[in-house]
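Given below, in the form of structure tokens, are the structures.
Two complexes come next, and they have one chain in common, chain A, joined by chain B in the first and chain C in the second.
== the complex of A and B ==
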């Protein structure tokens, strides 16, 4: 009933409807994404603790340390915020803002699952664009800029090195990642993330395994996680581009990392693991797509954490070599494969 | 001729306001790009004006061009400019910015 009233309004005033949906969606999105990031931080600390045979957080909020993330957030946001004297103040201040704005822009176009109402699948996405896959890819490439701003403005040699490594790493892995997204789009005959999910009667991870592997590696690189975290290698350059940051600004940069980890994992699920597709669970058919989606998401997140714990860090020249000499040619092979298979089964 | 009655339409006003806002942002950032004494600041202002231009394309219902603008001009050209500026010698702008 409410739904039909909404659809009627949407048909009458499409522009106003889009405007209102945008505002409401932005508010919901900001809270969901940040709470999700806190959950990811907690998950990472807990899983890492288990994998390294220690407890992880187990004091605040009962046995599982669930309130630890809230305590961390309060600590970060109430600490003293120091701006170094030699820093380039406007750029230094803007870097965390650009960082969080980038993740919010990515989040706007990503579907966070779907619900089934009256037998119809309704994807939960704020901006359902025709070219959302390309959009997400484009906005992900902005992450290099915030890392550069933070590193350059701190006026610190270590920060500078971190920013330098970050930009070099990101531009070398943007390309294979983009080619993988294009291969997926060719096979799905669409650049819309919702339609890409709906096109996956078999998972694209099965249809193009090479692309899946390349995309996963490129994603880990883009997120700056363990085997590729030269940007903030603790043993070499203190903390890389966010060495000089403290208080709420450090909190924003830190949260941006986990926000983008969450969004990256969601993107991987959507593009290659069939999104929210799965058999309908009879009694709770309303949220059965969400259940499948979260199960896949959880597996991907734990896999990312597992990779972080198990592998050692590459050198920066090895990373860029791998990017240009191995990943790029292989992603081209995958593109040819996607075109051939896509045409054969079309 | 401008039909004055359309100014009473809330949708038109929203669009007009948003367009003016982004036009001012583009103009301001472009002027700052030219007049800024610090090369890195110039590059960052340029990136900002690129973003605003992408928004303008979206206003014209050309979403793909807007996304291509972000992908090509900010993701590739802009980052390349930043990279080049980072490699230049700091002494050129030393007296202006970092002490």
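== the complex of A and C ==
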């Protein structure tokens, strides 16, 4: 009955309906992505603890420390909000907001799995654009802008060095990353992420192993995680671009890193690991794609955490060297490979 | 082989009349008083003709009864022979002045600066007599002089007023009271010199250059010190170092304590090397007293000092890895776990984990507990196995090699010139180890290798440390096999009053050459205690090493030195 009332309303007021659906979708999206990021933070602390032969959070919220993040959030919210005297105030204030908005923009175009209703696969995506792969790739590089805003406006030498490093790194890795996305699009004959997933009868990680490796490295660089966290190398430049931030502004910047880590891992699963594709599990066939999707996502996330604790940091000149001299030529090779083999998938 | 007597007779024939009351005591140590105007010539002669290429430090002594200051210069050789020359120069207390040796030995710079700011002895021809350890306000009070009155007023905190300084920031100012000015504890006229900030800003040449402060509170620094980098983008053009943020005046404190009370204070020089610091101080006083520890006590000392070396190298390497990786880098935490086991072994004997105060004059405090041998052998087996694992872990890591190879290279000649010792020197192909060079305890009878590397870069320094862990395990195993039973403490009078005289005793600290120079006047308190620490020399060598590197390399180079600020400032 409710369903029929909604369809009736949609027929009468299509514009208002689209607006309301958009708002509801955004709210669901924001909560899903933020709760997901909280889960990622918890996962990282726990897995990291295990890898380092210690416990990780185990006090707040039972022996698994589930509420630790809530406690941290309360702490960050109630802290004094400090803006340095010499800071460029509007830019300083807007940087965390731009950072959060960027992740939401990415999240809007990314499908978070699919459900099967009546034998039909329905992807869970807010904005199913035709060029969503290109769009996501473009918006991801906006992250460097927010980092640069934060670093420049803080009026701090460490922040500024961190911001410069961030931009240098972004420029050298966006190009190979973009070329990799193009190679995937060529093989899938589409720039739509949903169609890219559906085109993966063979995972693209298998079809283009080189592209998969390059994309993974470029993604870690984009996310600014070890071994590419020169922007916030704490042993050299304190905390890099967010040195001067405190309280909830720092919380937003910090959280945005985990938001983008989650989104990056999802992107990797969608582009190379077959998304939600997998054998349909009987009985729970309704959510069978979700199960495959989350299993793949979990493996990618744990791999990212594992990399963080077991690798050392590159120097910034080595990072840019690697980007321009190794990754870019190899991504071109991968593009040629995709064009050649793409015919097979046609 | 050159002996101390050869050097003495050569000196006496080369500079007739310039050498006063020379003696050789004990063998390998040459003590001589040189006429002030000849000191540079004598040192130059020793350096050029007798291979005294290692300037090991200088100590200033205030002999207030004789109205004199004495500066003792310590010279040694990097392996050509084992003679240590301790050359004394006397200068009157009013208007004291000594010729500087900076022209001969680059690393004389800091030692002379320290003596200048503490005792007020002027060093002629010294290029930069600026305060090193003291704050600018304290220069001119000459705190190491015996007639220094100190700050008698404990109400300074209440008198502190807030004022805005020239840069617009708030600072605290403590105005001197009239009584203080009258008593002369506050210098009214201070020597004029540019401050560190002014010296740094003089070096800024272009628009794109700036000063980046690493410290006094910064992740790279093991304790509070200021490392200022003049950077152009990511490149370091020049580095400036400022120490003295945790100056505790340990040497002055020890002058006001009895000899035994000095032992716990040596722990506080550097908590990582508490046992070797104990050893260096006690060995020096033992020389003054003319006693030697019983054999069993010497074995116990060796065992504990080698265990202490293992734990220090483990933590030093681990901390270094967190600097080029991040604080979450796994092997660091694994090393902490290993170190915990080693500390448990030490704790079972000394009862303490960090500040042991274990070594005594002529012996040790406790005997080894039951079951110590088995426990230690188990731990050593594990440590050895894990160390091999760590070596495999880093040396096969391509990122590690990329970051470390050819970074902060010290060529053998450069390393000797800069005066570093310990692992950084041995990584530069110079087998200079006090356990071989100036054998103390029973290291003569031990079978071990002095680990060296040819490359001299940051990677080589870490390799030397890891190899030394294995070598130390080997030494401890020999000691545990050979240790005899017997007394652990020589009979000593209740009140220790050595005869007047001086003694110098140096040991191989985990970081290099650690020496104690103790002067006695026959009372129960030393007249002067000078600690010659290895990290002081590292720090002095750091700025030239950092020039032309990347900011990220600064971390790698400084970390590979395994520094300890507490020992530098003392």
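Assume the second predicted complex is superposed on the first by the 324 of 346 C-alpha atoms of A that agree within 3 Å, B and C clash if a C-alpha of one lies under 4 Å from a C-alpha of the other, contacts with A are read in each partner's own complex, and residues count from 1 in each chain.
Just so it is clear, a residue touches a chain if its C-beta (ideal position, glycine included) is under 8 Å from a C-beta of that chain, and two chains touch if they have at least 3 such contacts.
Remember, predicted model here, so these are calculated numbers, not experimental data.
> Considering only the touch criterion stated at the top, classify A:167 as touching first (chain B), second (chain C), both, or neither.
First partner only, chain B.
> Touch test for A:145: chain B only (first), chain C only (second), both, or neither?
first
> What is the contact status of A:291 with respect to chain B (first) and chain C (second): first, second, both, or neither?
Once the two structures are laid over each other on A, A:291 reaches no partner at all.
> Counting only touches as set out at the top, which of chain B and chain C does A:32 meet: first, second, both, neither?
After superposition on chain A, A:32 lies in contact with neither partner.
> So in the superposed three-chain picture, is A:91 touching just chain B, just chain C, both, or none of them (first/second/both/neither)?
So A:91 only meets chain B here.
> So, does A:310 touch the first partner chain B, the second partner chain C, both, or neither?
The second partner, chain C, only.
> Should A:48 be classified as contacting the first partner (chain B), the second (chain C), both, or neither?
A:48 contacts chain C only, not chain B.
> Answer with first, second, both or neither: which of chain B and chain C does A:137 touch in the superposed model?
A:137 contacts chain B only, not chain C.
> Identify the residues of chain A that lie in both the chain B contact region and the chain C contact region.
Residues common to the chain A contacts of chain C and of chain B are 164, listed in rising order.
> Can you check the complex and tell me which residues of chain A touch chain C?
Against chain C, the touching part of chain A is residues 48, 51-54, 157-158, 161, 164-165, 226-227, 229-230, 233-238, 308-318.
> Which residues, counting only chain B, touch chain A once they are in their complex?
So the residues of chain B in touch with chain A come to 10-11, 14, 38, 40-41, 44, 47, 63-64, 67-68, 70-71, 74-76, 78-80, 82-83, 86, 97-99.
> Would you mind writing out the residues of chain C in touch with chain A in their complex?
Contacts found on chain C: 210, 212-213, 218-220, 233-234, 321-330, 333-334, 337, 397, 399-400, 402-403, 550-555.
> For a test of understanding, state which residues of chain A touch chain B in their complex under the given definition.
15-16, 19, 86, 88, 90-91, 129-131, 134-135, 137-139, 141-142, 144-145, 148-149, 152, 155, 160, 163-164, 167-168, 170-171, 174
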